[in-house]
Amino acid sequence: MPVKLGEIAEAVDAELDGNSECLISGVGTLKNAKAGELSFFSNRRYFSFLGTTEASAVILSAADGQACPANKLIVADPYLAYVKAVRFLYPETGFQPGCHEAAVISTSATVDPGACIGANTYVGEHVTVGKDVYIGPGCIIESNAVIDEGSCLVAGVTICHDVRIGKNVRLHPGVVIGADGFGIANDNGRWLKIPQLGSVVIHDDVEIGANSTVDRGALEDTVVGEGVKIDNQVQIGHNVIIGDHTAIAGCVGVAGSVHIGKRCMIGGLSALSGHIDIADDVIITGMSGVSNSIREAGVYSSGIPATDNRLWRRNITRFKHLDELARRVKALEEKNQ
Amino acid sequence: MPVKLGEIAEAVDAELDGNSECLISGVGTLKNAKAGELSFFSNRRYFSFLGTTEASAVILSAADGQACPANKLIVADPYLAYVKAVRFLYPETGFQPGCHEAAVISTSATVDPGACIGANTYVGEHVTVGKDVYIGPGCIIESNAVIDEGSCLVAGVTICHDVRIGKNVRLHPGVVIGADGFGIANDNGRWLKIPQLGSVVIHDDVEIGANSTVDRGALEDTVVGEGVKIDNQVQIGHNVIIGDHTAIAGCVGVAGSVHIGKRCMIGGLSALSGHIDIADDVIITGMSGVSNSIREAGVYSSGIPATDNRLWRRNITRFKHLDELARRVKALEEKNQ
Amino acid sequence: MPVKLGEIAEAVDAELDGNSECLISGVGTLKNAKAGELSFFSNRRYFSFLGTTEASAVILSAADGQACPANKLIVADPYLAYVKAVRFLYPETGFQPGCHEAAVISTSATVDPGACIGANTYVGEHVTVGKDVYIGPGCIIESNAVIDEGSCLVAGVTICHDVRIGKNVRLHPGVVIGADGFGIANDNGRWLKIPQLGSVVIHDDVEIGANSTVDRGALEDTVVGEGVKIDNQVQIGHNVIIGDHTAIAGCVGVAGSVHIGKRCMIGGLSALSGHIDIADDVIITGMSGVSNSIREAGVYSSGIPATDNRLWRRNITRFKHLDELARRVKALEEKNQ
């Protein structure tokens, strides 16, 4: 599959500084790429490898060109160009349509002949599986679910009843879409479960990482907007609405009835409290606790970065008395007026 | 299924202010309910919809009655009454008993004829499945486990060997009950695994959300008390004991050998350190880190709510020097005596 | 299986103070052990049970011997000796080799005749399953994966294509190894997925807890070193390298391209930001947020321990103004010079 560097430059819309005939047969990191491989430089942590890389070509910005002896593909956004190059060099492989003989498909299900259903996968009553859908082994698709064309359930994915999955959605192993939301009411000391009557709608081009969960709505549907990207082990509560093209990193918890805007980015292990609204274009850094609505685009943060344990112990002891400390400062100020 | 409002009032023990003959055919949110639907008002965030709702009837408290033009069901706890109304309007549907032909049931297992076992589910040696138990597709029930009557394993649930599940328990997809606890001891730089000899006991009326895990005990059993409700992606370590009617929100981590009292409520993404005791009726707000036992009922919290990133950066820089700041205040006070 | 105490003393290399002929038929906690059982004392929280235990023998350190009336096994590290005793008393039970008739094994897979493959497990094309490997029910092993000898996939484990699992590895239910990493680049407001070309290498003697996930590398492999122990619901991002004999507690999130040293210990619900390095022998306490590299061995912490909610509210209000408070102290100091 070796490809000429000139073709890659064209595919990723880069300015080529070097030998356009150079053959590229793969990609690698700056540190470990070998001759014949393409690399990229976008994170300054790896600057020291730029001058010594054995890559035959490197994608980088004009400003960094001088530091690199290899052939260069010069672009404004090296990471994006690298992604495009990888997609160009490694196009997705197709699959053989058809149902594995160890798949269990209900007679009332409608499976497009161009779809593929893997071994030990169960397709329930009245499920609809569209064209070019790939459902890997060990999946569970419960009754009345719809999987629209081009979507891919890698393996071991569970889709609960009546959930609707859009086009070109990719769901990784262990994902559960449409389990009951956490709806309980206290009845004299005992918890009463509230039936979860809504469903989940996953729009087109969504990707959801391994072991993430999206709960069905209590009354209306939980909605994941077009192009949303969700990492592993993320929990999305019932009635949540996530705007188009928002990205959520691993281990985030979004409580029920949260509305998240478009093009937001939420860092790993953050938590969003229930019933709050997050505006469009909000960035929440990792491990933040968001307990109130955020009305304006911008960057928001909380959490305390880790330090040496002894220093931390002294500081948290003081934190316990922070209110008192502030009062003491106030008293001093009054004395000093 | 339309039902007269008067019947609903009776079912939820509400005072009816309006037309008892009004036919209710469903439920909806204040904002989106249509004519013929019942709604409720319990969260003040949604007050603005109370006057404009198209719902034919609204469950609310007496104090809010005037703000709402629709028929009213007046109760002390509108959310609870709403839950009762939904349960009245949408009774649980039954299921057909019997084992799917693609279920794999060990010959030594005892399955009640009134139970249902789904496709691609495995029932191991000497397992006991009680009356009216529903085990959905893709579940794994390992040897000697007991599932008592009326319980429901929705789909893709794993029950490890010797685990005992009580009556009317509901386990959502991806739940794993009885995996080995994290028991290791350091032997000269290498970790030595300690066999986990205990099991897990889940008492009656427990519900556990998608992809949550409850580890088996090291020596004695891990115990989840009656009526406990656990949300998605919660981790319960080995030897933990959870008191009756406690509720735990999503993504909480409970380390080993923690004892949690009765009727506690633990907010999302909180962490409980190992070997601590939590009294009855303790409320822990979301994202709290609990490293010491809590001996008295009450509300406990930690964590820092997210703010504007620039302000946060300045504050965490100061936090690193908080102990020093406190010393400086002390010095000033001495000077000012 | 009763065993003489003298034999146990020898097996765990303990000094016996008591009756070497005493028969031990099991183990129990100090609090609940009965006559004929062996217990241990290593956590001072349980000191009050040391004098009253009904255990026939207790493993403890010399310093605590006097407080205990039972037969004693005296060692330097009671917990470690207890672990060794349990391993001696409860050796792992073997399994019957062979493939369950409801297993689905691709014709191109190579399965050692000494391996066991459970019901409803799928073994994909060109997979290699080594000697004495146990793969429980409901597992998914995708194409070209290698499971080396003596490893155990308990049940419901997913191994994605090309992943290599070493010897004597133990993976608990719901584990997903080799799902795509979270690699996306923003292309004019839409996220472009970057193909994840690397794989995952799990070295020998690793154990990974229920519902944990280890993503495949973007370019190179994600690597989990020899003897690493990972608890439940841990997320390991793409390109991460974890050094030998590191232990990671439950619900930790490790972002992409993090390099963790050898013999580290990471407490539950901690988060490590992307592209950082953690030195060997680093201990990170629970719920810490690590956003910068840690270059030296030591103990590191962050997070605020939970306190009474009213006190916490006052303190976090002050925290919001901490930078301002520090400036006010500075101003006072200048006045007081």
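Annotations for the structure displayed:
Chains here go by letter, A, B and C, matching the order in which they are written, and residues are numbered from 1 within each.
Everything below uses one rule, namely that a residue touches a chain if its C-beta (ideal position, glycine included) is under 8 Å from a C-beta of that chain, and two chains touch if they have at least 3 such contacts.
Since the structure is predicted, the reported quantities are computational estimates derived from the model, not experimental observations.
Of all residue numbers that take part in the contact between chain A and chain B, under half occur on both sides, making this a different-residue interface.
These two copies of the sequence, chain B and chain C, are related by a rotation of 120 degrees on CA atoms, to the nearest 5. A straight line joining the Cα centres of chain A and chain B is 25 Å long.
Looking at chain B, residues 120, 138, 156, 174, 211, 233, 251, 269, 303-305, 307, 319, 322, 325, 329, 332, 336 sit in touch with two or more other chains. Across the complex, chain A is touched by residues 27-29, 32, 43, 45, 77, 79-80, 82-84, 86-87, 90, 92, 100, 102, 118-120, 136-138, 154-156, 170, 172-174, 205, 207, 209-211, 227, 229, 231-233, 245, 247, 249-251, 263, 268-269, 286-287, 303-309, 312-313, 316, 319-320, 322-323, 325-326, 329, 332-333, 336 of chain B.
Those residues of chain B whose C-beta lies close enough to touch chain C in the complex are 104, 120-122, 124, 138, 140, 142, 156, 158, 160, 174, 176, 179-180, 182-187, 189-195, 197, 211, 213, 215, 219-220, 233, 235, 237, 251, 253, 255, 269, 271, 273, 275, 283-285, 288-292, 294, 298-305, 307, 311, 314-315, 317-319, 321-322, 325, 328-329, 332, 335-336.
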